[in-house]
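Below you'll find a set of structures to go through.
Shared between the two complexes below is subunit A, which has subunit B as its partner in the first and subunit C in the second.
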Partner chain A sequence: MSTVPAPALSASTHAAPDQAATLICLPTLTGEAFDATLDHLRRAFPLQPIIVATPDPVPTRSSSDESQIRILNYTSSSSPHGAWVPTAADYLNAWTLAREHHPQAVLLLGAEAASVSPDTLRRLVSGVFDQQDLVLPRYPVGPRDALVNSAILYPLTRALFSQHVRFPLPIDAALSPRMAERLATTAQRLTSTNQADAFVWPVAEAAVAGFSVRDVAGDQRTLPLPGAIDLNSLLSNVAGSLFADIEARASFWQRARLATTAPRVPTYATRSTAADANPLDLAPMIDSFRNAYTNLRELWSLVLPPNSLLNLKKLSLTPPETFRMPDALWARTVYDFVLAYRLRTINRTHLLGAMTPLYLAWVASHLRMVDGDATLAEQHIEAVATAFESDKPYLVARWRWPDRFNP
Partner chain B sequence: MGQQITFALRQSVHRVLVLLVNFLPGLVALLLAVIVLAAIGALLAMVVRKVLTAMRFDERIATRQTPGALTNVSEWSPANSPTLLLARVTLWICVLSGLALGISAFNASFSDTGTLSLVFLPYLTHIVGAVLLLIGGTLLARFLARSVLIGAVNAQLQYARFLSLGVKWLVLVLTGAMALDHLQIGGSIVELAFGILFGGIVLTLALAIGLGSRDLVTRSIEKTIDKPSSPLGPDLTPPLRSEPPQPTLRHF
Partner chain C sequence: MKKACSATDPLWYKDAIIYELHVRAFADSNGDGIGDFQGLISKLDYLQDLGVTCLWLLPFFPSPLRDDGYDISDYCAVNPSYGTIDDFKQFLDAAHQRNMQVMIELVINHSSDQHPWFQRARLAPPGSPERNMYVWSDTDKLYEGVRIIFTDTEKSNWTWDPVANQYYWHRFFSHQPDLNFDNPAVMEEVLNAMRFWMDMGVDGLRLDAIPYLVERDGTSCENVPETHVLIKHIRSVMDAEYENRLILAEANMWPADVRPYFGDGDECQMAFHFPLMPRIYMALRQEDRLPITDIMAQTPDIPPTCQWGIFLRNHDELTLEMVTDDERDYMNLAYAADTRMRINVGIRRRLAPLMDNNRRRIELLNSLLLSMPGTPIMYYGDEIGMGDNIYLGDRNGVRTPMQWNSDRNAGFSRADPARLYFPVVMDPTYGYQSINVEAQQSDASSLLQWTRNMLALRKLFQVFGRGTLEFLAPDNRKILAYIRDYQSEDGTHSETVLCAANLSRFAQPVSLDLAKFAGRQPVEMLGYVPFPAVTDQPYPLTLAPYSFLWLELQPIVSNVVEPTEQQMEVPEP
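Presenting the complex of A and B:
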């Protein structure tokens, strides 16, 4: 990919007539959803010329009616199988369009884009105009939502890359041109090896490049659902992709002192629904963990140190009323799985499959503790992330000296 | 009578000594070829390693590869180092060349003695084939056993370990039978024994799973009737609008 100098960022929202300030890349949408998205964009950027790129056929009336909105049609190289977050092909498409039109900000919207409010759209783009390279939304979620993100993605990203971004695998993202280019370079490597629908980790990419990152509060949005139903395969895909990314960036996060972003004051972007107040039956998840402890103990012993195994044994004997996985144990367990992934202690597919019951144990413990309270849930997630940060020296030490004895 | 016995014994000893005299040079040639080529291989491997390290070969490869991709050479190289992989390939090519050279020399030294060479050499290759079969079968059995174990545990099957063990022994029995068949040992007895063992294991597994799953199937049917959405699974369907709202989990 050729390197194009990044246009200078400006706080101005006005651009030359032939140069729009913002490029908005949409996913495949239905006709109504497309119209609703255009309406939101019109309200979000009333005076600003914008380019809207869509992979769907452009409705003729839309292109003639809008003065400040230019609608483009582009050929999406990704298969329309309904990835719930932008994939490598989406980031590559965004940069291809940005290279042609030289916008000051690129806004990449994921599935269900019609539900993103005008305020959220404005906040995302404003972040880029405020000299940020990557701006990600922090949508309100319930205490029983986005659990993989809360258990693994957020704590790991925060501990290793020192970025306090609540959703490191974003549904929507606003990018500066240089950030879009950087992500496209990574995406290019993936698409060239026939992995167009692979995940890209923009927060880690920005951290390594030394680019500025910010997450902004977003309004309520319909969170898209993954295409695959099976939790095991989904968890394997997402965790495997993150572990591979961590392995590839080991030289960065092993540094003793990273240029950390200031930890944000936790703002609880939460929402509670009537369903959250209803008690959830946690027994199947706890039973699943106990069954796994009986059957997978030997396999886990290849990955986890004896101390962790002992704690898991105690946990498996705990009655459901007091079932609680300590944050330190969960952090240590995830780190040991990251290490085993790197060392190929066992086959990687087996490794990630063996992690599912442990994750379910964490979910059961978390849900029992927060009891449907969204604020409590956020506090616990912050505590888990802090436990990951505290235990980072363990990961660094064992990454460098894997054979060292670990009780 | 005694003279005849002595003569017969002398003749026999003579024949064995002649055979050994014919056999030993071939064996020495085989060993020598393997040792010399292995030494050359080790030397070449060292040179390859030093040259590639000086060229920063690993770093160059790493910049052109995608982490986690199947096509990534570093992913399946020993210690994630393509340099080490190439060095080891060089060494083993030399060792195998030495083995081929040695067997050829062994064969040449036996060409005039006929029958032993005709029987022994093909059997040597059969032994190598059988050993490879056993190694491959054992690895496959372990891989499949773990796959089944993890899959069954994640499907919440109580008899996961039993199922995994059954699969492991199925593959091991199949491998053993194939190795024996390859060595042409046992003939029809092996086939018969294999059929009985294989069928026995399959029947045991079927009975155990069938009988053991009764409760599971009953629970599953009850769950389907009583509760359309399970709290354990990734409830990826939009929440129902009916009253009262059902508690749902979203893992993603």
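Presenting the complex of A and C:
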């Protein structure tokens, strides 16, 4: 974690007359969900003045007469249907409101905000009061949940930016004012080019700025789903956005051989349900990978070096009961796709599409290995992240000298 | 309110990689045999991909073209051969969209004799404001002894004008009369021209030939104090009306004489380091670092907002004005054995022929260009190793059409080859059939790919544009070694780089005193390869012929884990 301290956020700072300690930005919610969220906020901050900003018309029955909660309405420039995670428009809205009301902390809540517990809300905001610039929640997930994050987003962010944040594309986030401002600057660039729904990567942003980052344990929360898009599109959107962000920040993450600072033993909360114990049919995923090995092999050969191709060939011949993609192979594969994205080796949409079967191979391998055990799953995800860290010099070397004549 | 610049960082020029090109020579869109702005626009993706960040356009204004456009007949228009003002605006916007800045020429020492100002001046009565736009005299003895720059063509700095019945002053060709900056109307016109282009969004101006702006009897008519008053005025107007714009000084002088052109940071932000360039070539040929270390030792400090512009080649001859007579003789013998390769006080050849087309020598010189203090300025075509044509007159041999592919006219133009403004290079070694962009784009080992990788690498490290320089002094003088060091202003990071270059054609050993960096971990920057840690003992290196090493001296990190190939392997099914 970075160590540059945030400005002191004591109650005496920013002495505006109508100043509230915390600004909470809500997404579009139903009336019931709004009331539930307000109730959670009331319980989370019983003695603290807060401002709750909602894009929905304020229900008259909810216009609380409690002095510590002020509800205001704002015009959201984000997608009317809301995104599954906050996007550029949401970060920009948050800073616009923060600039007006001078809070000491900004809490940005994503879809299904009503399911965030009061304790989680309190922990997030306390982190900012504890001089952190960016505090992100670490919600318990099952062994079959959030696998794009576990396979790509988390290990890449951790390896490149040395930030042990389990969910770098957050659903909810607590921000110091300067963090909110910095994110808004990035968001502004995106919204000004008609990319209001673009993802923003706050962990990378904080790392580059030298701001402090923490992730805190969250209670069970309803995790919003990315809507009715197929895996190909989801992977393309999310990975494409992260790869572009990595490209833009190359001068930062290449600058030093960053040491890891967090323990390698997983400490993350895990959740297993009865459903997780049900056997999964992995065959379709493995078949998808095998078919792709036949159909996309030529395209992969433009992206991947011979050693990786050879290992993928072996993997394609491996029977399902022993199907296992080595962590190092996965890490190197992702790195080579990051490089191909940067070099525009092939059309970027096609490139990201060609990554989907490889991702499915990783998922099949992961699920077979963890067998519904959430703890095992977390251990494996940590091992994957470590593999990404170990292989970071490969990425840096090829980024600097992208000669295809390599092992 | 000041007009914004396309660059938000006021010191953008320190991190820039400048690419010098002539619109006429780059790409012809309409098949008339002359490059134009639409052609240039079509090649912007190439330039972006190459990695350059600032385009320096040679003069593209209306001109009789008797000095490659430096003889301007209208300062506020585009030469119709190249397009229109709208074409220029379209080019400017397209460059900015690709995060490239644009620098143009402000040739204010002289105009063309075809400029309406000069034509009016000839007819106007002596002493009138129109006449006084230029420098006139009844005698050619005024300012006697002032050196002649174009020694091959000019016998005097004065030329008799039969219409005016007076001599007019010109430091360059006789068709380029010097403007008279003792007349305030001249400065007003200069500022009008500056505003005309900067209002459109031009990011920088190269002030051509500025040591010669003012003449004073009894002096060399170079670098006279009044010149600095003029430049300060131009800068103050620019700063008052525009944000983050750049002035680059062309002052072919010794470093100590160039230093005043930076002022206290209130004149030019950048100036060419002319004497360094020939000494790089000299050091290489003599296999001795002394010419480089010697001239850098004579280079004074400059204000923190200022920067040297460094280059290997440009559109002019490889100038040998800033060397001694012996050094000039040596350079001519070493690099211009054929007298047709010489012009004025210099050598009219491109980089690749100067290096005998030796790839390692070309790479070595480019490594120096990219790692010495200053902003590197590349000349179009050198990224693919283009050759020259010494049989063309003046300096036109280095101004031939850009070689895009092996098609007719090198892909530069669809015109009948006879219509081209200059013929493309066609010799067996450097001809467009073998040396062209398309071929090198498809060759992973080409000079173009190498250059692209090097530019990308340089841009990752601000130390090259902003860091300090300290030469090391190993016993082996065939090795040039120096430390570049940079601490960011906000203190968030520092970069320290050791650069070592073998100037010899044979492998060389060297021991470097790096004791003050003891405990650091050198990491080879191209391949990100860790080298043995530095101790307080001499640090031994062996460099292959004409090779170079860039080593970033990093704090040691103890728990970086290197992967093994075994970790990647899938067990046999």
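Everything below uses one rule, namely that the second predicted complex is superposed on the first by the 380 of 407 C-alpha atoms of A that agree within 3 Å, B and C clash if a C-alpha of one lies under 4 Å from a C-alpha of the other, contacts with A are read in each partner's own complex, and residues count from 1 in each chain.
What we mean here is this: contacts are C-beta pairs under 8 Å (C-beta built on N, C-alpha and C of every residue); 3 or more make two chains touch, one makes a residue touch a chain.
On a predicted model such as this, the values are computed, not experimentally measured, just so you know.
Chemist: Putting subunit B and subunit C on the same copy of subunit A, do they fit or clash?
Modeler: clash
Chemist: Let me test your reading of the model: by the given contact rule, A:Gly353 touches which partner, first (subunit B), second (subunit C), both or neither?
Modeler: After superposition on chain A, A:Gly353 lies in contact with subunit B alone.
Chemist: For A:Glu389, select first, second, both or neither according to whether it touches subunit B, subunit C, the two together, or no partner.
Modeler: second
Chemist: By the touch definition at the top of the document, which applies to A:Ala250: first (subunit B), second (subunit C), both, or neither?
Modeler: second
Chemist: Just checking: does A:Ile171 make contact with subunit B only, subunit C only, both, or neither of them? Give me first, second, both or neither.
Modeler: Touch status of A:Ile171: no partner.
Chemist: Which partner chains sit in contact with A:Ala184 here, subunit B, subunit C, both or neither? Use first/second/both/neither.
Modeler: neither
Chemist: Please indicate which partner A:Ala328 is in contact with in the superposed arrangement: first for subunit B, second for subunit C, both, or neither.
Modeler: Only subunit C; A:Ala328 stays clear of subunit B.
Chemist: Could you figure out whether subunit B or subunit C reaches more residues of subunit A?
Modeler: Subunit A has more residues touched by B than by the other partner.
Chemist: Between subunit B and subunit C, whom does A:Ala53 touch in the aligned arrangement: first, second, both, or neither?
Modeler: neither
Chemist: If we overlay the two complexes on their shared chain A, which of subunit B and subunit C does A:Leu234 touch? Say first, second, both or neither.
Modeler: first
Chemist: If the two structures are placed on top of each other, which part of subunit B overlaps subunit C: 7-15, 97-105 or 133-141?
Modeler: In the superposed model, subunit B runs into subunit C at 97-105.
Chemist: Under the touch definition given earlier, write down the residues of subunit A that touch subunit C in their complex.
Modeler: Interface residues on subunit A, with respect to subunit C: 4, 210, 250-251, 254-260, 307-308, 311, 314-315, 317-319, 322, 324-329, 331-332, 386-387, 389-391, 393-394, 396-397, 400-405, 407.
Chemist: With touch defined as at the start, can you tell me which subunit A residues reach subunit B in the complex?
Modeler: 84, 142, 144-149, 189-190, 192-193, 195, 198, 223, 225-226, 229-232, 234-235, 238, 240-241, 244-245, 247-248, 273-276, 278-282, 284-285, 287-288, 291-292, 294-296, 299, 346-347, 349-350, 353-354, 356-357, 360, 363, 367
Chemist: Help me check something: in the complex, which residues belonging to subunit B touch subunit A?
Modeler: 65-69, 71, 143, 146-147, 149-154, 156, 158, 160-161, 164, 230-234, 236-239, 244-252
Chemist: Over in the complex, which subunit C residues touch subunit A? Could you list them?
Modeler: 444-445, 449, 453, 456-457, 459-462, 490, 492-493, 495, 521, 523, 525-530, 554-555, 557-565, 567-573
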